[in-house]
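The next block holds one structure in the form of structure tokens; read it before the comments.
Each chain gets a letter, A, B and C, in the order it is written, and its residues are counted from 1.
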Amino acid sequence: MSLLNTTPSPDATAAPGGPLLVVDSLTKSFGDHTVLRGVDLHLDKGEVVALIGPSGGGKSTLLRCINQLELPTSGQVTLDGTPLVSTRGGAVVAPSAKALLRVRRQIGMVFQSFNLFANMTAEQNIVFAQRAALGTGKDEARERARTLLERVGMGHKAGSHPSQLSGGQQQRVAIARSLALDPRVILFDEPTSAIDPEMRSEVLSVMRELAEAGMTMLVSTHEMGFAKQVSDRTVFLCDGGILEEGPSRSLLEQPTHDRTRQFLRAIAEG
Amino acid sequence: MDFSLLPAALWLTAQITILSALIGMAAGVLVVLARRSRVAPLRWLAIAWTDVVRGVPPLVWLMLVFLGVGVFTPLGAAVIVFGLVASAYCAEIYRSGLEGVAKGQYEALDALGIPTRTGRLRVVVPQAAVISAPAVVSYVIGMVKDTSLASVIGVAELTFVANRAANRTGDGITPFVTVGVLYLLLSLVLALVGRAAAARAESGWAA
Amino acid sequence: MSDFLADSVSWLPDLLRGLGHSLWLTFVSLLLGLPLGLVLGYVTERTTSRPLRWLLVAVIELARGLPALVVLYLIYYGLPSVEVVLSAFWSIIAAFTFSNAGYVSEIVRGAIRGIPAGQLEACQALGIGRARTFASVIAPQALRISTPSLVGYAAIVFQSTSLAVAVAEPELLNAAYNIGSITFQYLQVFIVAGALYAVVVIAASRFAGWLATRTQY
């Protein structure tokens, strides 16, 4: 069963015009504290990339810079050839409100803390997102919400408010809400970290299906099993820079840098 | 004392409370909007309003508006004063309600590309309203007591009637005990109504 | 405008004398109301006797639910019927102490409830007695938690001293009213009096806000 509306073309990775998402020399400082020091990253269409690294290494900041929840300090992010970061005279400037909305509708985001709207039921969350962001008609939005909830295994909880759902259930609704806007790529920021261990698999299996259906995904995670089995590529982000990247299996099994090895050992023992 | 005067007096007390509560809750919205405005002078004005309105005792406001301005009836002056005072308190309650909405809710609105105004209206305000509701209810219950001050400028509400009865009959206990009980009952009724309303508003999602 | 200024200056001695008396009323009623409220709050929160707790809760609710003006009238006009005659000053103090004690005890109860139960269990586990637990663990933390609210409350007490005008006690509002009834410049004199009240109250609230940021651990 596909989680996506459209089946991606088999040669999606060879789409003309190069990779779908390109991050180019991205830096970010908070005051004089530099968090990202020149990150380069690209995601092909349909590719799943795992972002791993020590706490405070800048994973969240990188994801938030990509969809402009944070304004990067310098560098560029390109989605399908379109630059997303506004610059004037070489300096990054805040984009217009309209441009921001457009960027964010094309880039989905799934948060560690779910962030479902507390005053709405699961279904209302998804209906509202479509109507408010895309102007979808009521019936169509509701229809789609029902379908998506079924697909993430939450059809039976459509009328529940977030406070009545477990973490794993909330996160599945949040994924459905993100999917409802038909994003080109979805960013996941430690989607299972705030969930009880026994509930994580329900979220991870939804993500796995999503990956198999051809969704382009960038996933910050501490789940090495997920990185190894689901992601095509793994990126090790440390102290604000990419120290190492490569096919997930080889990077996770035979890291080349000591720092990576040390991190993986700590995780395995943790 | 003449108990037949009490129903009218009680009704007057209730009227002052309800009218000024309604004025205060509505005007409080304007004040909090100014307080959170992008225009700095509007923000300063809102801060000055809440500080000055709350800094001057209500009884001083009553005298200032009734005797000083001198164009209002006692009842009109009382409703205006208690309404304006309530606007300042409600604005502060709304403000902390807005601050109580989790940061993640704003982030989710941003990440989904939902226009600011829509997000505020459909997500932030409903949540802030539920957070603020209990504080608004207890403020309004407190207003019942405050309205007794209107007796000083001659509004014939409960305290005024009791005071006159005490002066006429020389019995200073019966009238004040009687209206005291009525004040407590009125607060109790408001508390029950408020609790029922809050339970309805919260049903489902309040954390 | 210059008239306004000149008038205001000429009224200032009377108004400031009134302000002084308002502050004195505030001070005396807090001096009596604070300790009473502390004890009332502590006993209500910690007593194991249910009837006692209900009785105290009833007293607190009465103190909080009755308009201070009604309590004041009851004491000033009502008590003489049972042969208890208090001066205006002591009627005010009695009325405010009663209302204050109710408020203060609510603040204190909240603060005591804010101390994690684990700390009290730790005291029990360590075999520390009740009195010692109150003096060394509960009271310092409760006071620290509630100090900002209590300062804020002192500002409210100060405002409410204006009620004393109803029994002709010579405090600030009374002084303003007297000036107004002689000069008929009610608006001006109440503006000046209001400003004096506001200055004291705003200063106290700012101080309370500053304390609140300081008292977090």
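In this section, a residue touches a chain if its C-beta (ideal position, glycine included) is under 8 Å from a C-beta of that chain, and two chains touch if they have at least 3 such contacts.
The structure displayed is predicted, hence computed values, not measured ones.
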Chain contact topology (line, ring, star, complete or other): line
Relative to chain B, chain with the most remote C-alpha centre: A
Chain occupying the most central position, where position means C-alpha average: B
Gap in Å, rounded to a whole number, between the CA centres of chain B and chain A: 46
Separation of chain A from chain C, taking each centre as the mean of its C-alpha atoms, in whole Å: 55
Rounded Å distance between chain B and chain C, as computed from the means of their C-alpha atoms: 21
Touching residues (chain side chain C, partner chain B) in the complex: 62, 65-71, 73-74, 76-82, 159-160, 162-163, 165-166, 173, 176-177, 180, 186-188, 190-191, 193-195, 197-199, 201-202, 205
Chain A - residues contacting chain B, complex: 67, 69, 97, 100-105, 108-109, 111, 113-121, 128-129, 132-133, 161-164, 177-178, 181
Chain C-touching residues of chain B, taken from the complex the two chains share: 51-52, 54-61, 63-64, 67-70, 145-146, 148-149, 151-152, 159, 162-163, 166-167, 170-173, 176-177, 179-180, 183-184, 187
Residue numbers on chain B that touch chain A, as the complex places them: 102, 104-105, 107-108, 110-116, 118-119, 122-123, 126-127, 130, 204-207
